[in-house]
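Have a look at this one before I ask anything.
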Amino acid sequence: MTAPLNRKQFWRLTVTGTVAFLGFWYLARLLHFSPPQFLPMPHEVLIKMIDLLHNPFAGATLPEHMLASMKRFGMGFGLAALIGVPLGLAMGWFRWLDDVVTPLFDSVRFIAPVAWVPFAALWFGTGIGGPTLIIFAGAFPPCLINAYRGARDVDIRYLEAASMLGVGSFKTISEVLFPASIPSIIAGLRIGAGLGWLSLVGAELIVASSGMGNLIVRAQSALATDTVMAGMIAIGMVGVVIDVLIRKLERILLKHRNA
Amino acid sequence: MARTQPKSYRRVVVGIATVSLLLALWYVATTATGFINPSRFPRPHEVLSAFNFIQTEGYGNGKLHQHVLHSLKLVAMGFSVAVGVGVPLGLLMGYSRRAEALINPAFLLLRPIPPLAWIPLAIVWLGLDDGSKILVIFVAAFVPSVINSYTGVRNIETPITEAARMLGIKGWRLVFEVLVPGAMPMIFTGLRLSLQASWTTLVAAELIGALYGLGSILNQAAQDIFPAMILVAMVFVGVCGASTTWLLGRLENLAMPWRHGRVAA
Amino acid sequence: MATIQFTDVTRIFQRDGKDFLTLDQINLTVQDQEFVAIVGPSGCGKTTCMRMAAGLEFPSSGTVKVNNVVVTEPGPDRAVVFQQFALFPWKSVHENIDFGLRSKGLPKEEREKLIAHYIELMNLKGYESAYPHQLSGGMQQRVAIARAYALDPQVLLMDEPFGALDAQTRVVMQEELVRLARKNPRTVLFITHAVEEAVYLADRVVVMTSRPGKIKEILDVRSVREAEKWDRHSKIEDVMDLESFVHLRTRIWKSLREEHAGTDH
C-alpha cells in the first residue's frame, strides 16, 4: 500500500473530499441539473431536519417517528438475538440439533426479509407484530450463523478441559462456548442489527402508519424531497448509533479478557 | 461434539426427514384439521394450484417466468454496474491512502443510509419505472463491494506486497497480478453480500410499486388476499436468490483455481 | 562490483511519542561476492539492517549504499528472500519465478531457460505447475530462493530464510545453499539467530549487541574454512564436528551470551 499519511496530509485531503462532494451537490442544483423540488441544497436538508424536531410531518415529529421505529426494532432485534444466539451456540454443541435446524434454515434463508411483509400484514394487521416479524426475519440469520460458527470454531482444548472437569452441557455452553464465541457473536449482532434496521425501514415503507420508513414514504408522495433526505440521514445516523452501542457492549463483555 | 464435519449423507437424511415432517405437519394443520385458518396460511394444494395458475394463465400482468425474468434483469443490471464501479473504487481506496482520504467523506455520509431508505428518493427522481429500481439496487450493491474490496487489498500480507516491490512490479501489472488476486477472496465476499442486498432491495422496491417482477406479485397477492400466491412468490424469491448465489459460487471457484486443495508435496 | 556499505547508520523508532534507538552507528562493508552473516539477540536490529539494504526501510541518519548508490527503493537488483517465503499464492511455482523476470523485460526464451535452470538446481523438478499451498515449507523456500537467484541480482538479502522450517529441512536447505553459494558466488547479506548456520554458510560473521544494536565484533570465517578445508566434507554434521568449527561457534555463542545477560528477558 502507499505510505500512510501524516495528520496534515490526511486532513487536507479529507477536507478537500468533503468540499468537493458538497460542491458537486450544489453545482448540480446551480446548473439546473434537476428541478428544485427534486434536489434540495445541502443546507436546506439540514434546516429541514432541525425543523422536523419540533414540527410534525405525517402525524408526528421526527423524534416521535424515531421512537416508534425504535420500539419495533427493539422487539424484533431483541427476539432475534435472544433466540438466535443461544440456538446457534446449542447447534454448535449438539450435532443432532445442527442436523435438524440447518436444512430448515437453509430453505428459508434466501427469502428476502421484506418478502414477509404480505404475510406479516395478513397475520398481524397494523399491530407491532408485523414489523417485528420482518425485523426478526432480517436479524435472525446473522445472529444464528455467527453464534453457530463461533461455537464450532472454539478451540477443542477448552472443551476437552471442560469435559475432563465433568462440566455438563448447559454449563459448557454458557461458560465455555459463549465467552469464547463473543467476537463472532458480536459480529453477528452488528450485521443482524444492520439488516434488522434495514428490514424495519422497508417494512415501514409499505405497511406502517408511523415510524421513519413511513415518514419518508409520505414525504415522497408529497414530493417533499428535503424531508425525504432529512429522514434518510436520520435513519443512517440511528444505524450508526446502534452499531456503536453494540461495539460498546463487546468492550464490556471482553473486559475480563484483557487484564 | 467432534469438530469434524458431520457425515454428509447423514445430514441429508436428517434434512429430508425434517422437511418431510414439516410438510406433513403443514398438511395436517391446514387441510386435515383446519387448525390454521386458510385465510391466514394457505393449504398445500392451494399453493400448487396457485403455482399452476400463474405459470399458465399469469397473474398480475404476466406469467411467472415473465416476472422472474424481469426481476432477474433488473438485479443483473443494478448489480453489474454497482460491482463494476464499486470493486475498482474499493481497490483504489485500499491501495492509495490519498484516494482513501479524498473519497471517504462522501462514502461515510452515504454508507449508513440503508438502501431501502433510498426507495422514496428514487421514486421522486425516476418515478415507478425500472429506472428507480435499478438505482436502488445499485446503491444497495455498491457499498458492500467497495468495503470488501478495500478490506481485501488491505489484508494482503505485507511480505507479499514487499516481495512485489522487490521484484519491481509496478503499475497495471501490480494491480492485475498482485492486488486483484490478493484481494479476490474478499472481493467475492463483497459480491455475495452485494447480491443478497440486490435481491432484498429489489423485492422491496417492487412491493411498493411495480408492474412486473416477483415483488409485484407479492403486492398484488397481498391486496387480493391470496395467501397461496403470496407463498408462491416468496418461494420464488428464495429460489432466485439461492440460484444466483450458487452461480456466484461457481464463478468464485473458476476465478480462484489456486484454492483447490490437492495433496501437498 | 556489488558491495553493500553501511556508513554511520542509525535508526530511531518512534512509538507512543517516545523515541527508541534501535541501531547505533553501524559501519559495515560487504565486499563483492562476499557472504556475510549477521547474528545477534532478538530486537538487535539485524533484520532492520537487511531491510535498509533492500530499500524497505530507511536509516534515520547515515547512508546505506549498494554499489555506491544510495538505496532509495526496493528493486530486483537487491533480491530478498523472506522468512515467510512471500510467494504469490495465486501463481504456480513456474509463474512465481517468472514474475520478476517478466518485469525485467526479458524475452520468453531466455526466461524459460533461466526458470528451467533454477528449477533443476533447487530440486523443484516436477512441481512447476504446483501452487504454493500444495508445497511444504522447505519447497516453498526453495522456490523463493530460485526466484531471487533467477533475477541475477547484484546483491542477495536473506532474512532468516530457514527460520520457519523444521530442523531436518533446515539442515538440507543449508547444505543446498552452501553448494549454490560456492558454485554461484554473489554478494550476500544473511540474517540469522542460529550461530551454527552463520558459521557454516558465511565468509564473515558479524555479531551485534542487544538493543540499541551496535556491531560488537566481526569474525573472519573464510580463512579458517579454507585453511581447514571444510568443503572437503559434503555433510553438514561432519563439518560441525570439526574442531575449528566448534571453536568459532563457541566463540560467537559466548559473545552472544554476554548480550543476553545484559537484557532482562
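We just call them A, B and C in the order they show up, numbering each chain from 1.
To be clear about the criterion, contacts are C-beta pairs under 8 Å (C-beta built on N, C-alpha and C of every residue); 3 or more make two chains touch, one makes a residue touch a chain.
A quick note: this is a predicted structure, and the numbers were derived from the prediction, not measured.
Student: Chain contact graph: line, ring, star, complete or other?
Tutor: Basically the chains just string along in a line.
Student: Relative to subunit B, which chain has the most distant C-alpha mean position?
Tutor: C
Student: Any idea how many Å lie between the Cα centroids of subunit A and subunit B?
Tutor: Whole-Å distance between the two chain centres: 17.
Student: How big is the gap, in whole Å, between where the Cα atoms of subunit B centre and where those of subunit C centre?
Tutor: Distance between chain centres: 49 Å.
Student: With centres defined as the mean C-alpha position, give me the subunit A-subunit C separation in Å.
Tutor: The mean C-alpha positions of subunit A and subunit C differ by 51 Å.
Student: Multi-chain contacts only, two chains or more: what residues does subunit A have there?
Tutor: none
Student: Under the touch definition given earlier, write down the residues of subunit B that touch subunit C in their complex.
Tutor: Going through subunit B, the ones touching subunit C are 157, 159-160, 162-170, 173, 177-178, 181-182, 184, 256, 258-259, 261-265.
Student: For subunit A, which residues are in contact with subunit B within the complex?
Tutor: Counting only subunit A, the residues touching subunit B are 1-5, 9-10, 13-14, 16-18, 20-21, 34, 38, 92-96, 98-100, 102-104, 107-119, 121-123, 152, 156, 159, 194, 197-199, 201-202, 205-206, 212-213, 216-217, 219-220, 223, 225, 228-229, 231-233, 235-237, 239-240.
Student: Would you mind writing out the residues of subunit C in touch with subunit B in their complex?
Tutor: 54-56, 73-76, 78-80, 82, 84-92, 99-100, 102-104, 127, 130-131, 133-136, 139, 147, 151
Student: What residues of subunit B sit close enough to touch subunit A in their complex?
Tutor: 1-3, 6, 10-11, 14-16, 18-19, 22, 39-41, 94-98, 101-106, 109, 111-121, 123-125, 153-154, 161, 199-200, 203-204, 207-208, 214-215, 218-219, 221-222, 225, 227, 230, 233-235, 237-239, 241-242, 245
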